[in-house]
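Below: the structure, in structure tokens.
Lettered A, B, C and D in written order, each chain numbered from 1.
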Amino acid sequence: MKKLINDPADVVADALRGMAAAHPRLRVDHENRVVFRGDAPVQGKVGLVSGGGAGHEPMHGGFVGPGMLDAACAGEVFTSPVPYQMVAATQGVDGGAGVLHIVKNYTGDVMNFEMAAELVAAESGTEVVTVVVDDDVAVQDSLYTAGRRGVGTTVLLEKIVGAAAAEGRPLAAVADLARRIDDSGRSMGMALTSCTVPAAGKPTFDLPEGEMEIGIGIHGEPGRRRVPIAPAREVAAMLVEPILADHAFTDGVICFVNGLGGTPLIELYVVYAEVAAILEESGIGIARSLVGPYMTSLEMAGCSVTLLQADDELLRLWDAPVDTPGLRWGA
Amino acid sequence: MKKLINDPADVVADALRGMAAAHPRLRVDHENRVVFRGDAPVQGKVGLVSGGGAGHEPMHGGFVGPGMLDAACAGEVFTSPVPYQMVAATQGVDGGAGVLHIVKNYTGDVMNFEMAAELVAAESGTEVVTVVVDDDVAVQDSLYTAGRRGVGTTVLLEKIVGAAAAEGRPLAAVADLARRIDDSGRSMGMALTSCTVPAAGKPTFDLPEGEMEIGIGIHGEPGRRRVPIAPAREVAAMLVEPILADHAFTDGVICFVNGLGGTPLIELYVVYAEVAAILEESGIGIARSLVGPYMTSLEMAGCSVTLLQADDELLRLWDAPVDTPGLRWGA
Amino acid sequence: MSDTPTTEQLTAWVTRFAELVREHRDELTALDSAIGDADHGSNMDRGMTAVVAAVTEAPPADPAALLKKTGATLVSKVGGASGPLYGTLFLRMAGAVEEGFAPALRAGFEGVLARGKAEPGDKTMVDALGPACDVLDAGGSLAEAAQAAADGRDATVPLVARKGRASYLGERSAGHADPGATSTAYLLQAAAETLS
Amino acid sequence: MSDTPTTEQLTAWVTRFAELVREHRDELTALDSAIGDADHGSNMDRGMTAVVAAVTEAPPADPAALLKKTGATLVSKVGGASGPLYGTLFLRMAGAVEEGFAPALRAGFEGVLARGKAEPGDKTMVDALGPACDVLDAGGSLAEAAQAAADGRDATVPLVARKGRASYLGERSAGHADPGATSTAYLLQAAAETLS
């Protein structure tokens, strides 16, 4: 295992120390492993809390700041955080207007956030609404599984919903918007290589030299199929076609090509070019784009494509100022 | 070779298509492989041109935009661009106040930019000044080599000098500032793995499982020594100590931990934490930080550390608005 | 076994379970690598190490307090799917332990079902825990219950997962034992060794 | 050879050089992998392929035009260190080719020295080109010049590089032939095969 870490058991704590040192405008609660925006709670604003296993940086801690999340809880690598972290985050961002929990659909995340919401309900008057993101079209038979996984749409949702909360919208409206975004976003990913969970010390799976995995999840959960490696043009088609088959996208989408951690930007741009070409042929204009490693899977090589159907309101909220380590503009 | 590309011969052209599609506010001259800011030339402003081999994205094309570069030329992977590209870039950004060429110190880059400047001088009245960046402390015996390589300081320089040019400073002042930054910045890098040049199809070098290379260059040029892999704490020391030994840094530096392409952000934060701890012990306060993959070496795993001695003026220029795909704030 | 176990016995149980988890940590992670995300061994080891530390540092006064401390520690240290599930198991056992071990385990099992909404045959820890509860309820010994849990674990091998991360593998999840069912088999083995 | 070569001969020369580069592309890249950045083979191949295309599409009228077109194409297609160096070599040859091949090559060599500021023994293409020029200036044959270039290339093996990327290796650059010296040896081999 070749990684820039100290003891594998300390990876998350060490990375949080790094975040705290690099971003003085964030406040890191090291005991609870929660990244807060420095001025939380913001009075009168709906608080946005997300979180999940580590290993997906900059998600979620890197999306904390004005215009996006108020707090993010970090679990161990690929392991959901625990309820008391979410309780601490919720209490720390409660500015009197309630708190939205943004939860990616994984059994562990859902159960831990559920227990946290139960604890908050029992202990305090804070109103909590939970939105579960499940946008991974690679999961076809949601009836026989834990349901679609939450992937790339989460990043776009946190940005857009963050802007809505910053405008002072009430909790119910913010939650409705979040659900609408989850309904309008679809993703599909692929991997060229596996990744190594530090505590495990070995690659999670084995992906031979000539093969790639289409439809993989962000923890290395296997995908739809293994196929021989192919040119970026064909890979883009393998990702975009199931997305278009699953949802009727029309003109004006946000197109997000995400890197999984080990794939450099030059390759992501090559993929973006092919994705854009397919969308153009399909008559689906791209209103906004995002290209880069925003939701990683440790050092896995590969990418995912997310399309989100936008409209004037969503685009206005997308363009609104955001000031986080991972996404920043207008501020 | 596992890469998200089409034909290896088309990687650079394909990535430029992707950049053009993803960033409509840039103008990409595909024939000359130059990325221009969409509104170039900006009348009355010194034009900033950089460029170099591809494979280091987002550098340099991703640093084109208001507050940073006016144009960037892309060569083949790890190969300097050719003079006619630089001539096209120079002519395209000449707003009457002259043009600064920002050149990383590699024989090929220096010679090609030199020929370009000769051609511009012969053909037009555009005033061109060249600044060569050479900040890599891994190169010790500059007398017996082509001199120190230009690495991480380049990113910081392009941002700060870009802000100075945006303020309307004259060419001589902008060039002086650039030289001052080169004098005040030092970098050192390391790799855990090699990278594969697409046209070569095989890893440039071989770095066995238990070893790492300290002092490596961004094209895989070998470093000072190969050593057994070590905890991030020790790696940080191996990078920071030669930097501090080479230049007397005092309080108030810009600290930049750069990812080489295959190393995910979680590891860069672990390294940042250790770098910050060493600087704190040395009494060197960090005024600003940058953490992420800004100057990559294809999919190489590893990182580099850059320290730049700042002062109030440099910090003010660092904080000034910048609006590029790779670095963006205040805009 | 229908007697109420003593605090000492239960402490020995969780301590022995922690040992077994430590010993089989890599095996549990390898099973989770095959059909999940390669963290079940470290998750359970982190949790049970914390449990042993907690009950050693401040020994709980009675069986319910011991089980509550165990459950609460697991909930707050493990995360993932196994944290809430094992945590709920012990927390619910605390409320029923005065009636005896078998009723307590049954209550814990029901908590797991309520929290995780898995059904038997979904290829989860339910498939090891359920058969063990059935044996105890029918008056079987702890050794028999441990055997039933081990058999239940083995029976997960051919199953296609329908809950948890392994469910994303579909048909490909068949052929490997479920990690949670495997750790549950160790839980019952520890019970047979310490509570008889 | 002190006669002025014809346009046809020079065209055959650059065409043969392009063939040799194509044939040895992977070898040149492998040498550059060992002590540089793994692109010399693709750089030279890209450039010489463009040269052949250019002179085939619009055959230059005279030797100087042929050499100028070759040099300009290399400058505009190769990049890196080899583009300006090989480009300058041919461009300077164009200015002196009326005096004959040997004086032209000497002029080209001086251009390379001026552009790259390398000295003999720095482990660069200079170490193959210089000896070849010396042989020709002393009245030697092209075959002898090609041999001198090949010997010069071989002599770069033990050298420690002091110019170009290989210089960063320091002592570690010893033990490998210089890629640019190797491609230069092919340039002279092509001359011996086509201009004699």
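Heads up, the rule we're going with is that a residue touches a chain if its C-beta (ideal position, glycine included) is under 8 Å from a C-beta of that chain, and two chains touch if they have at least 3 such contacts.
As the structure is a prediction and not an experimental result, all values here were calculated from the model.
Chemist: Please report the smallest number of touch steps linking chain B to chain C.
Modeler: Shortest path length, in steps: 2.
Chemist: Averaged over CA atoms, how far is the centre of chain B from the centre of chain D? Could you give it in whole Å?
Modeler: About 31 Å, centre to centre.
Chemist: Once you find the CA centre of chain A and the CA centre of chain D, what distance in Å lies between them?
Modeler: Centres of chain A and chain D (C-alpha means) sit 53 Å apart.
Chemist: What whole-number Å value describes the gap between the mean CA coordinates of chain C and chain D?
Modeler: 73
Chemist: Which positions in chain A touch two or more other chains at once?
Modeler: If we look for residues of chain A contacting two or more partner chains, we find none.
Chemist: I need the residues of chain C touching at least two other chains; which ones are they?
Modeler: In chain C, no residue touches two or more other chains.
Chemist: What chain-chain pairs meet the touch criterion?
Modeler: By the stated definition, chains touch in these pairs: A-B, A-C, B-D.
Chemist: Under the definition above, what is the set of chain A residues touching chain B in their complex?
Modeler: Chain A residues touching chain B: 2-7, 11, 14-19, 21-23, 54-55, 57-58, 62, 192-193, 209, 212, 229, 231-233, 235, 257, 261-274, 276, 286, 289, 291, 293, 296, 298-299, 301-303, 323, 325, 328-331.
Chemist: Using the touch rule from the top, collect the residues of chain B that touch chain D in their complex.
Modeler: Answer in residue numbers: 53, 75-84, 106-108, 111-112, 114-115, 138-139, 141, 144-146, 149, 197, 199-200, 202, 204-205, 217, 219-222.
Chemist: Given the complex with chain A, which residues does chain C contribute to the contact?
Modeler: 29, 33, 36-39, 41-43, 46, 75-85, 115-116, 160, 162-165, 167-170, 172
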